[in-house]
Amino acid sequence: MSIEARVADPRLSPRLRDLLDDVDRTLEEGLVPLRIYNDPELYELELERIFARCWVCVAHESEIPNPGDYVLRTIGEDPWIVIRDDNGLVHVLFNSCRHRGTQVCGADQGNTDLFRCPYHGWTYDNSGALVVVPERLEAYKRLDLREWGLHQAPQMDTYQGLIFACLDPDAPSLADYLGDFTWYMDLSFGMARGGMEVVGEPNRWVMAGDWKSAAENFSGDPYHTASLHRSTFFLRPETNGRSQPSQIGLRGNVADCNGHGASLILAAQDQPGFFSYPPEVVSLLDPAMVSPAQWDLASRMRFIFATAFPNFSWVHSGGTDPGNGVGTRRLSYMSFRQWQPRGPGKIEVWSWVLVPKEASAEYKDRSNRLSIAHFGASGNMEQDDTVVWGSIARSARSVYARKANLKINLQMGTEGMSEAKVMTDWPGPGLVYDRGLEEGSQRTILRHWLSELNRP
Amino acid sequence: MSIEARVADPRLSPRLRDLLDDVDRTLEEGLVPLRIYNDPELYELELERIFARCWVCVAHESEIPNPGDYVLRTIGEDPWIVIRDDNGLVHVLFNSCRHRGTQVCGADQGNTDLFRCPYHGWTYDNSGALVVVPERLEAYKRLDLREWGLHQAPQMDTYQGLIFACLDPDAPSLADYLGDFTWYMDLSFGMARGGMEVVGEPNRWVMAGDWKSAAENFSGDPYHTASLHRSTFFLRPETNGRSQPSQIGLRGNVADCNGHGASLILAAQDQPGFFSYPPEVVSLLDPAMVSPAQWDLASRMRFIFATAFPNFSWVHSGGTDPGNGVGTRRLSYMSFRQWQPRGPGKIEVWSWVLVPKEASAEYKDRSNRLSIAHFGASGNMEQDDTVVWGSIARSARSVYARKANLKINLQMGTEGMSEAKVMTDWPGPGLVYDRGLEEGSQRTILRHWLSELNRP
Amino acid sequence: MSIEARVADPRLSPRLRDLLDDVDRTLEEGLVPLRIYNDPELYELELERIFARCWVCVAHESEIPNPGDYVLRTIGEDPWIVIRDDNGLVHVLFNSCRHRGTQVCGADQGNTDLFRCPYHGWTYDNSGALVVVPERLEAYKRLDLREWGLHQAPQMDTYQGLIFACLDPDAPSLADYLGDFTWYMDLSFGMARGGMEVVGEPNRWVMAGDWKSAAENFSGDPYHTASLHRSTFFLRPETNGRSQPSQIGLRGNVADCNGHGASLILAAQDQPGFFSYPPEVVSLLDPAMVSPAQWDLASRMRFIFATAFPNFSWVHSGGTDPGNGVGTRRLSYMSFRQWQPRGPGKIEVWSWVLVPKEASAEYKDRSNRLSIAHFGASGNMEQDDTVVWGSIARSARSVYARKANLKINLQMGTEGMSEAKVMTDWPGPGLVYDRGLEEGSQRTILRHWLSELNRP
Amino acid sequence: MTHTVTSSYVKASDPLYADCLEWLNLEAELLDARRFREWLDMLSQDIDYRVPVRTGRNDPDHSVSFSTTAFHMLETWHALEERVRRFESGYAWSEIPPSRTRRFVSNVRVLQPGMSHEAQVKSNLLVYRVRGDLPPELLCGERQDVLVREHDRWRLLRRLVLLDQTSLPTQNLGVFL
Amino acid sequence: MTHTVTSSYVKASDPLYADCLEWLNLEAELLDARRFREWLDMLSQDIDYRVPVRTGRNDPDHSVSFSTTAFHMLETWHALEERVRRFESGYAWSEIPPSRTRRFVSNVRVLQPGMSHEAQVKSNLLVYRVRGDLPPELLCGERQDVLVREHDRWRLLRRLVLLDQTSLPTQNLGVFL
Amino acid sequence: MTHTVTSSYVKASDPLYADCLEWLNLEAELLDARRFREWLDMLSQDIDYRVPVRTGRNDPDHSVSFSTTAFHMLETWHALEERVRRFESGYAWSEIPPSRTRRFVSNVRVLQPGMSHEAQVKSNLLVYRVRGDLPPELLCGERQDVLVREHDRWRLLRRLVLLDQTSLPTQNLGVFL
């Protein structure tokens, strides 16, 4: 986008215009103003230009398997209903009566054939169509009910069981938006016969922190594990507090794949692949569901962290039963999550546990327990993430950071800094580095962020 | 107001200018942007141009019957003292010492001859005059005490025992402001010999919701009763959950009366009039206090809901003793209230119970109990109102409502929509419809609101 | 500053420009807009132009006596570390990792040789230098560690044990900033052999109120004592509720001393000087540490209240053991404090007790108890101050104060108002009045405030 | 009326104290679980239940700051039953879905009764309430109850709820205190 | 599952009640003091400890609004011990410095046991938590515990924490409930 | 000093426990009712009353995070009496009109005394305070008390209030804790 176009953007204050131009100038050298992680005016712009414009995940299909099943969700901070109608079609409906705006649904999940607005009784079916207007013949003689159904999200689509919505009618399709990044999504979401399913409702909590900190981290920040998560090394007898540098090399760091990012670790020779799925689950995986290259990589995968811009992330990894501590039993877990904006410097995390639908009940229980032990509000790993993201937001809102234009450092992986090299023989798409010691995916997230904000 | 005049308004941001123009364009066809029910910038404008400019009710005279009696009140969010001075005159005084601004009164009601400012001891009498300045002879030799009394509200007046204040010295008089609407106020406030009196202090609570939602509703929204208040139909054996459409027809819907609105239900043949006052109270009513036309209508009144713009509303209705459930004993109740703005999407409700001063103590107690059972924080009716108004404010603050410019529907009663007809034989003033199935008074409230906001 | 220069200030909204010009017009006649004590936009400007630009006290040296000792402090609302390095030098370090912004220090005091950032392990020594970057050889080959130490406050200096920092690199030195005001600081902070020391950690609390109200008050508001603190007169048998006007005359009111202010009371003939220090402590005072004029004045001092702009104040006074009530035992106490901005109309008070380092443990305990009885969150005097400052902030945020441009009165001491006269024979620097009945120092604080805000 | 402080309380080790404590805990449990019918059964048919409006009068010992005429609730058993009936109707929108409440009952004090079939109980009550995605609400105050022995069961004969708030920080008072 | 209200509670004057009360108070004290090892010793090795996710389903008596599959915590003794080990490691940054907590345990109800070596205890829990300069957090709910007599000591065999919040107002759940 | 956890507590069924509980409840009632003179009479003339400043030191078991030199309150009986006298003067503006408080005392633990005329009591305290139209304030912490038997009455000989907040969220500390 040219400077001229930007100047012409009437919705941007001069202060924001300067800030975005400043990001633009130094992002490629890995310098970013600290204040972007907590700025009230910028936050409003993010709601308008990112969350009301990009494809945002709103649910997993297994949350609403039956006709009439619904869940309440937010896009940015806005309230939407995700529902499966009587014909099995999924709708994303704005939770606001067309008459006077009342929320037509108060329960945050359930099953219904109708939404009856409490205020005056306008009633909508589970596809959002307005079906009853009390006293219509006397009071609304010219009202065309077909024009007054609940607002539907301008775009809705699914991929591998994940339901996405987009509030911009002119946005490209979900397929275009995800692009080649689906190649990596398939590994976690698209290889189990019968598909994946959520283990119940999302675990939710509200914390200090900026959604970008979380999105960047999950897009690929292997550098933080040895420091921030060191306490977890004490939970396994084989490490007992020491980090394992030898393992860090077997990486594929997806620095950029259509504006999204991921970080993968491949299994060493003596380690299990397929995300540590035990044999009973590996037997549920189907090579026909993916390409041979995907299957081959999956067979060597230990874990993946990934973010689809803006705020959808997942982790798929393995371990041993919590407290067991012995490294011999193979067990995998997977959590996908959203970093929901809840005001400047504040997020609500929604964290789901996902398992192969056809796995045994016992396996699902063990996987669920393992996931809870690592991620979610009480996760032994996630606890530590929450405090550093909160703490970044705290320093970012300082006046001094603004006045002195303090810059954070995202230089790992920029020209000459790191030994990390782009792999030419990597089987998957995107710009992929051969180790974790680079921050390319995090710059990618910010580049994506900048280009959306710069678009009037 | 012409478009040119508006464009010249220096205090309006372009965004607000657009929003108000948008309201102007479609209000008459019954379409209004949802976002006006929760917008921080608009809220500030409302405080400046409506609450600091219109006549606002601040107390009932019976709250301060004796010299020195005072109550603390707010106009918008600003703190004022309403006090009766030693000569019996009522003053509305800004609660802020003229020396350094300290609030001179902390107790929210009481009786005093003096307000002594705690900080340095400047002391004012109960008419607001500055009477003591410590060390005056040595420290304030040239201070003219007459110029440093407490600020008085620029205008103050009363009507039927209600005390109103207006912060705009150039505003029309209270009589002009209320205009013909007093005709309806008289029915509830001006027919009892000896006048009306409050039953104690107002019941107050702070809730999510926009003051306009409440003001519109009380100005005339009979359409909502059958749906929102359906639970109360189960409390009377004669209805037992069914609504009573037959009763809905006997209405007078005052869609516009000098910018205010009301909704009346007249008694059916077998039903008591005079707001269900029992004979002992009817005998206190005095035909000489009103016109014959008012008296005649009152004799057929079952109930009224009304709003004097901006935020003064009342309900006057009847029923049976709570829990009694048998429809034979006649009992009336009346609650007047203010919807006090307390930030965007937030109001504090102040709700007073009013009774004829000369009624028996036993009647007052029964009427008070009946009022509490219906209205106030715990009211069986009002509870439900609070949640829908809060829920409208919730959807109104969504970014999507702003971006997609979602409109709510106020079309009932617009051209060709409803069977409701303007009555030509109605005894009272204003534009009055023959049934409740129209939303004219609610559009009137918004038209009034718009014209105040458009005035620089 | 000329009007033209102001008009050219791009960071000021027209509203703020008008407000500051309005202050400028009437400050000298003692009229100031009430709204300056609670205005969100003005508050932001104060953070930018005052707290991020003036010299702000951050600690007392005795809080961090040993190498590695540190305390967390704020400048405005921003988080800084004040630390003594291994060489004994004091540093003021921005609490934010240079890598991604995480706060490197979470504990609010302690002793450390290193700050290890939890996120990725970058580690700084106690002078702020970056000393460890994990995986540096592989990941940060070109990173010059010397450029990536913690940000140091642009300026830092100490005076009489007090550590000050200034975030504006172009500001004048601390010596120039305090100027002659040090003459008065010496009396309290600079006369004890061996210096002064804090009695433990600051007492902190968050209250409604504007920092300027507190700063003005401590700069010299003797007028408020007889009214606001009257309750304390009941705690001494010799006064028993009466104020003591005879004592009020023996004052030196420092209305302006380099933009700072103070108010002194001198001892009557039968009263002890030296701030009521008992003989054992007087013997610790050293005439050689001050000038003869300072020593002479100190020997006659009963107490001092003072403010160094913007938010550093102290009180040094005397009394009897709490509850003892008999006026014969001499005892002194001293509290210095900061009025920390915490949002519009909100401050956090930090209050330290200070004693001569070489005084006996018993004396320190008694002085500490006396200080707690008077000042701090539970202080018998300070309790009352807190509520009036909160109450000023409450009325200041009213829309009416803004619309009607209500002015507070700071006229005491302006032309012809007060009997107070500038003393020509006063031994100390500054413009000093002969009694407390004038508000010059408070206008000085506001003039200082205005000139900082007017500077782009 | 409201603040007679008594020091002749029944010992916590007394069976009467145990009875009252159990009664209050059971009541709180029923109300938090929204088992309103069972709660009604814990009340005497003659109950006088009132929640006066609290004012901010200058009132050094809080003896006159409660209104004697204005009430948030002023109920007979039948009036309370009517409220319960409303919740049971299936159309009480304010509680669809229901708010989630937790009652913290503490500082239980039981007065040595003049009559053996009555007990006077004071307790402090903190109610945490949350609904939908609105912020949580805290209501708090003291309750002054009279329990009466009816057919071998304690029932509530009188309740006075002395709230600390002058303006209730709640969307509505759709809970029993 | 979650809301069986019982009226046959053990009297507060019963020694069993006193035992349970003391157990809960001691537990709260240990947790507030972060003496996690000693706390672990109060738990049975067979403990089933769970904090289900609460939903906002329309659920008039709160009987179905707790998830049966999704949990904030779902723990064995060894899983809990692992969490404690983490805190002891010296690298659990989320609690360096530690948050300051205060547990308010009230409304303690003890169920007449079927088996003499077990006690069923319900209590209401309010946790106040604050850390650094972040605003304080309040977590609250009911706990349904089963204590079991092991070697002359009561130990916790089962705990179900029924939180009132659907979305936890906390930076993380780094505290035991 | 501050956090010796003891498991040899007096049973709740013990008369001593009942005494202490009653004492604490009565004290809370008097303070909430602002009957300060009567409260003073519950204190020993030799009382040592202190509310230390809490710091945010890294302090895994909260044993060193309370200041030993800096206090919000550090009082003798006479110093407390002076505060009460101030409130009685009619000119203590900070409490005109008075703030409205509610004390929630829970987790009462009584230590088996070494000397029969003394009792060591720990309790958790939550104070809800509201005044005028300012937002409510919550103060909370643990109290460690020593009661002493004087002339057949229990009086408070020592109180240590261990607040959870480093910076008090209150307009002023015009309340006794």
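Here the chain labels run A, B, C, D, E and F in written order, and each chain numbers its own residues starting at 1.
Here is the rule we use: a contact is a pair of C-beta atoms (placed from the backbone, for glycine too) under 8 Å apart; a residue touches a chain by one contact, two chains touch by 3 or more.
Note that the structure is predicted; figures quoted are calculated from it, not measured.
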{"item": "Comparison of B-D and C-E by number of C-beta pairs in contact, larger one", "value": "B-D"}
{"item": "Centroid distance [mean C-alpha coordinates] between chain F and chain E, Å", "value": "27"}
{"item": "Geometric centre distance via CA averages, chain F-chain C, whole Å", "value": "31"}
{"item": "Intercentroid distance (Cα basis), chain C paired with chain A, Å", "value": "47"}
{"item": "Residues of chain F whose C-beta touches two or more other chains", "value": "12-14, 17, 56-58, 87, 93, 95-97, 104, 106, 126, 132-133, 167, 169"}
{"item": "Per-residue overlap in chain C, given as positions that touch at least 2 other chains", "value": "106-108, 118, 228, 384, 387-388, 394"}
{"item": "Touching pairs - complete list by chain label", "value": "A-B, A-C, A-D, A-E, B-C, B-D, B-F, C-E, C-F, D-E, D-F, E-F"}
{"item": "Interfacial residue positions of chain D with respect to chain B in the complex", "value": "51, 53, 55-58, 67-83, 85-95, 133-134, 166-174"}
{"item": "Interface residues, chain F side, partner chain D - complex", "value": "12-15, 17-19, 21-22, 25-26, 28-30, 32-35, 38, 87, 95-98, 100-106, 126, 128, 130, 132-133, 136"}
{"item": "Touch list for chain C against partner chain F, complex", "value": "72, 106-110, 199-208, 228, 230-235, 241, 322-325, 348, 353, 368-369, 372-373, 376-380, 382-384, 386-388, 390, 394"}
{"item": "Residue numbers on chain B that touch chain A, as the complex places them", "value": "14, 34, 37, 223-224, 226-228, 384, 387-388, 391-392, 394-404, 406, 408-412, 416-420, 437-438"}
{"item": "Complex interface listing, chain C residues touching chain A", "value": "10, 47-48, 51-52, 75-79, 94-96, 98-103, 106, 116-121, 134-135, 138-143, 148, 151, 167"}
